[in-house]
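Input: one structure, supplied below.
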């Protein structure tokens, strides 16, 4: 059995080797890099099933104070690995578009780093998943953030990509400022940075509720930004739209998943402070409700699919936050909040990646990312159309797809907490979701295509898409593998569920 | 065996989507489904109550009793038979398409699979899931091959039902939450036993009751949540209209019988508004279906809308049976689900055929069709008479039970009044059905209707299957009741 | 004059944070905004160092964990500046502007 | 044997109907054969049953839910049943035979005989029913077979309309009937006649309830027996082929209401109010229908109104408590009214579907056999002493005399009017000279049609005699027929009315048809009596159509509009539009300006912080 | 640190900070930023964080500030000074910033720990570089490595983003 950190080390090593290979080789074809990366990441993913979970220690001065290889983090590491693999596959499909947006000396020039940087991002995501200390969390989070700054602005001949890069940069740095200030306050209140110790200290603090709430808010702001919670969501639509599509997929899945886990871990110490609990839950509920409404309703009039997925990503963040906001109720119906969030994110990964995979292929072939470019897709490529139907159904929460269990768990959480207001919002937004997701289905099947050339799908993409479809159905029927993986080692997050 | 029944349409649909096979496969699949259903029907042991042919896997959620499990009892058998019969007819009424016929056929089979799955499921989750799965093909088919304002109709049905399902989901979860933690389970049989044990205090029943009734109510087009139904059915391609109105819509009612009645019986008697109880509220809503929608039906000027609204109206009777909370009414309601499914499917089959001939279903453009298409005329007449509750057809037997149920000892005076008012609906339905029948089939043949060609070949048998089964059910309701009674008695206990 | 308390430093830091925040909200030039973000980060650093000094450990030393965190923050901020300026340069090359009002092609 | 015979009676027409529908509808001859054999089997079995005059009860469950609800298909053969069985199968057989000729050329002959068999099945079901639910089932079924037969010539707009009207009007009555059944059931817990009778005390305990239940049940009879105010369908039903009119709309189905009332008389009896209402309705129907009949020109319509009028008399008879007398009148009426209809059918057939009596004339000579039988029928109907109608009518009048003078007066007046309009019919149609080509080529019909006429004529003559009737009714039942004490004045008045009516009509119309102008144009001659109110049937149809259009259709139209534009349009679409609009508005917050985003960010921080720290 | 020095440096730091925000000329802003950071490092030193103070000067004054100035010069940003402020956004932004400041003051006002003076240090002479080094390289090794990767990624990113022509 391998220690959990071997995963990060392997990915990092892969990144270094490829970086060196890229700079020293004279080959103009960079696609090989991506293929090697995908292949190796596949192996690393396989290795992840042979790692022993190793929760963090609290021994003073230990290396492992910062790093927890618990079951939940392992699941999130796998999510990160899978996302990276899929993103690389998308990147390959996207190459022709990307090449035009780069000031390249020759065809394919400059795309090498586009395949390698995600590996470092992946490392960051995995470290984030394991971070149980504020310092570690900060470092990992910034690793992810900075690599995303680069990736978002990567297509620098594209005004949109640059604009997205700048917006992400400024707002991201702003949120970093708040996170840092929040960490400062947490440290200031407790003198500790390790979550467990912070929790202990916070629980025994008396009389400084306002300061604790202030610290909580600062962290909420910082991480709320990362997970696209209203009112810190404004970067999401613009950045998602402007960024190269594979990067959008990466942002929307990888970054969000890791941030949510971190959010839960940071939240836990605050939930232990009974005197502030009602206010914390109230604010969480407000944020969750606003996110639900904003994401799902603003998606209704969207015509650009990429933007629509951005709003939908806000909407899904809303469901996740809703689940978290219902954390306070005692006794779980099905599973804890941590498991709910974990499963939801896993399902979200499958369906979002599938949607982006199809979007990438269609946009490359149709020169656009509007819904109208999907018109008549069922005639141009029945396979892609079907894949998109699966993705959209799953996102909308149709049963027997992975997305449904996620919604199911969230609604269970809501009802358990007797949050009737959130329940009403949930019902409205699910209805809205049916509309905007099915608009894509309608476009693909009801309307005539703008152009009739059939879309060819590369074998690797075909395999990826097929696997994603199969997984969506499989986990839509049997979620047990994910759920039990999330529950095996009862991590701190699961404790937060009660 | 039950999983096979479920897999037949799914596998065939998958094959069709992948480009294998053709229309014959769809027909074969439907017939196989019917054959298997009949085999179940005859092999089912009526003497033993409860689920039979059960198959179940290990729990899918760690620590939660949620699993893939299928089984049939009398009620689900009746519903499965309905599904299989309507599927056979629907498959024979698939339109001739030049392109993408496989997509159409496969989607129709998927709708049937959704219904089959919902009725087979012995697990609450799969019961819910299969029904909603059928939404997607419905959406595709109505929007793609429907008529009239098909896209608007497709949107309406999808969003309406989507919202309905989510309310329903909330209700289901709330229902489970009302149980003590240790006894929470998704197994319908176990749930039924819990219901019998009165696990939920009366006061706690009213909220899940509302959520479930509204959720199911939207799916069943209970007044005032009915406005999706008629436009959707009017626009839908014939097989979709048949399957949806005939089979899929019954899911909600089936759910009411399976969940609301055994679990929340006391909720019916809880006052919700002044001294009026939840039951009274339901009665008012269902009178809305019967009287209000009935009158709206009279005002329709097109056959497809008329049938669509009539189907909404008849939901009121089924609800009346449910609301009576006794064996007579409930048996009537369940048999009426079966009967109404068959009759409305037959009506849609005929109206779809006429639309193919004429291109329009406006009453003022039609007339005298019995001259050129007597077979269609007879089938329509039988189905129409069945649907207005003429003796000899199963609908009458069920409606009789429903009415007697509404008047049984223990019925409140409000209930009795409602039943009498509902009885007036019988007159209303006769008015519109006869008007429609006369407008389409009687009178002077129009220039076009004289040239129509009647159904021929195997399609005749497929269509005749429905009214003949209705006759069987009307003459020997006891035969069907034998299947239903033990289940329903258990549900009412 | 009263002895200095933790709050003095926190106040200074908080004011600097607010000034930086105000700059982000008010300035139009992306580079200036970026500078204001640096102000905010450094304001946080000031608090952190103050807390570090406040939480004197059993060994009588300031809590160096916080100082290490400050070190990280400075390093990260520098890296962020590098990347950020690279993006701004690229933007200027493409659009000849560093003003936020000109960056409104992505909206709604 | 006794217990299988009723089933045989009931099921043989059903077998015939289903066989025709399923297999034989392509072969006319086979259909006729099936139908005829079925009706003969039924007749034979009925005769056997009359011979073995023991009561038979046999039942199979139809719906059986244990104690919750038990409805059965039960057959009950008692004296009352036997009378009806004979009437139905007897007249039915004759009409079947008659129809083979009458409908010989019709292209829908198989369909016709199929429907006829279905009717026989349904009607026999009513007769044999041992419980209210089963009676209701067959009640509805006769409705549908009547619908099919009225609408036999469905391409005729008027026929299709009439069929619908008949069905719908009956449905309204059935609504009451079913309500009544439910009311009774909710108290007594059973729908079987025997059971209700046993538990009658439960019903009589609450007189208001009992009256309500009785009147609801009576509604069924009002619909089926075409009493005021639901009488409008019957005249229109004459759009059907004439044998149908004879069988269904004169002799049997319309009489089912009376039969039903006789069956449930024990429920009605304790409620004087209910009986009073019934008597009034009957009397009004009798009188008004007779008045309308005096001004009709269509031979079948005159007979239809006459039927209405006679049915009214029977119902009034029930109302005054003389259910036996009513049954007796039903029995005799079946024969002579069927005779009259079949006779008119012969005329219509011979005159190539001419039904206007003013376009006839002189048929006495061209169609002697028909005239003879028709005249016997007329006299029997009008109450010529010593013919069937005289006895039965007198029995009712007698009962009314004892019970209610207004009803008696109405009955008497009806008798007078009956004599008047029937004489008018006979004189105008059969006397004088042929006024049209068709009339002058009139001829007696083939034996298939004439023989039934003759048989019916004989029966019309003898059916009233005590010996004959008693043989059929049985001693016990016949005892009820003449329950009232005899009063000499009553038969005298009845005879007087008959004479007055007949003579009056003769005096008025015999000269009128002598006018030579009528040879050229029938409508040039004026009916010597012209009362538009009667000719236009008291404008009831017009009032109804205005009512229906003004209430139901307008309400339906309004609700249709409401449903489409308000409920679906404003409310449902409104919610959608509001949601969409909200989305659109929220989307506008993403206006692209980085600074704006930072502002929202900051505002969010400030607001949340305020919430948290307030 | 003597309170006088604290107040002096704080006032200077805030003043220069304000000048960053108020100056329209980016060059002036950048210079103010450096000045502000110099005062800040003085405050660090006053808090016995000598190493951090030095680093602050080295990194910011030495590197970051030069980078800023270099870019400002490179892009020749003078032309954009003339742009007008949008009054509404000015008011909104100001209100938010001021609102945040007041809430912050409210928090500080209720912050009980903050009212305490600093505890005395247990050692006479602080070997603070060594302490930071020990902490950084032993205990905080993992985050340190992570930051190393981060810097690598940043440099790769900068190259990718700013090379005129990619190979």
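Every chain is named by a letter (A, B, C, D and E) in the order it is written, and numbering of its residues begins at 1.
The rule is short, and it goes like this: a contact is a pair of C-beta atoms (placed from the backbone, for glycine too) under 8 Å apart; a residue touches a chain by one contact, two chains touch by 3 or more.
Just so it is clear, the model here is predicted, and its values are computed rather than measured.
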Chain C reached from chain B - shortest hop count over touching chains: 2
Intersection of the contact lists for chain B and chain E: A, D
Chain whose average C-alpha position is farthest from chain D's own: E
Most extensive contact between chains (C-beta pair count): C-E
Chain closest to the assembly centre - both centres taken as Cα means: B
Distance between the centres, which are taken as Cα means, of chain C and chain A, whole angstrom: 26
Chain centre separation in whole Å, for chain D relative to chain C (CA means): 96
Distance between chain centroids, defined by C-alpha means - chain A, chain E (Å): 31
Approximate Å spacing (C-alpha centroids) for the pair chain C, chain E: 5
Set of chain A residues in contact with two or more other chains: 135, 138-139, 142, 146, 149-150, 153, 156, 166-167, 170, 174, 188, 210, 214, 237-238, 428, 431
Touching two or more other chains - residues of chain E: 89, 92-93, 96-97, 100, 104, 106-107, 111, 113, 139-140, 143-144, 147, 150, 154, 157, 161
Contacts with two or more other chains, residues of chain B listed in rising order: 159
Chains touching one another, given as label pairs in label order: A-B, A-C, A-D, A-E, B-D, C-D, C-E, D-E
Residue numbers on chain C that touch chain D, as the complex places them: 21, 24-25, 28, 30, 100-101, 103-108
Residues of chain B touching chain D in the complex: 156, 159, 224, 227, 231, 292-293, 295-300, 326-328, 331, 368, 370-371, 378, 385, 390-392, 396-397, 400-401, 403-409, 411, 416, 419-420, 423-424, 426-427, 430-431, 434-435, 438, 441-445, 477-478, 481, 485
Interface residues, chain E side, partner chain D - complex: 89, 92-93, 96-97, 99-100, 103, 106-107
Chain C contact footprint on chain A (complex, rising order): 134-135, 138-139, 142, 146, 149-150, 153, 156-157, 159-160, 162-167, 169-170, 173-174, 176-177, 180-181, 183-185, 187-188, 191, 193, 237-238, 241-242
Residue ranges of chain D in contact with chain C within the complex: 587-588, 590-595, 598-599, 602
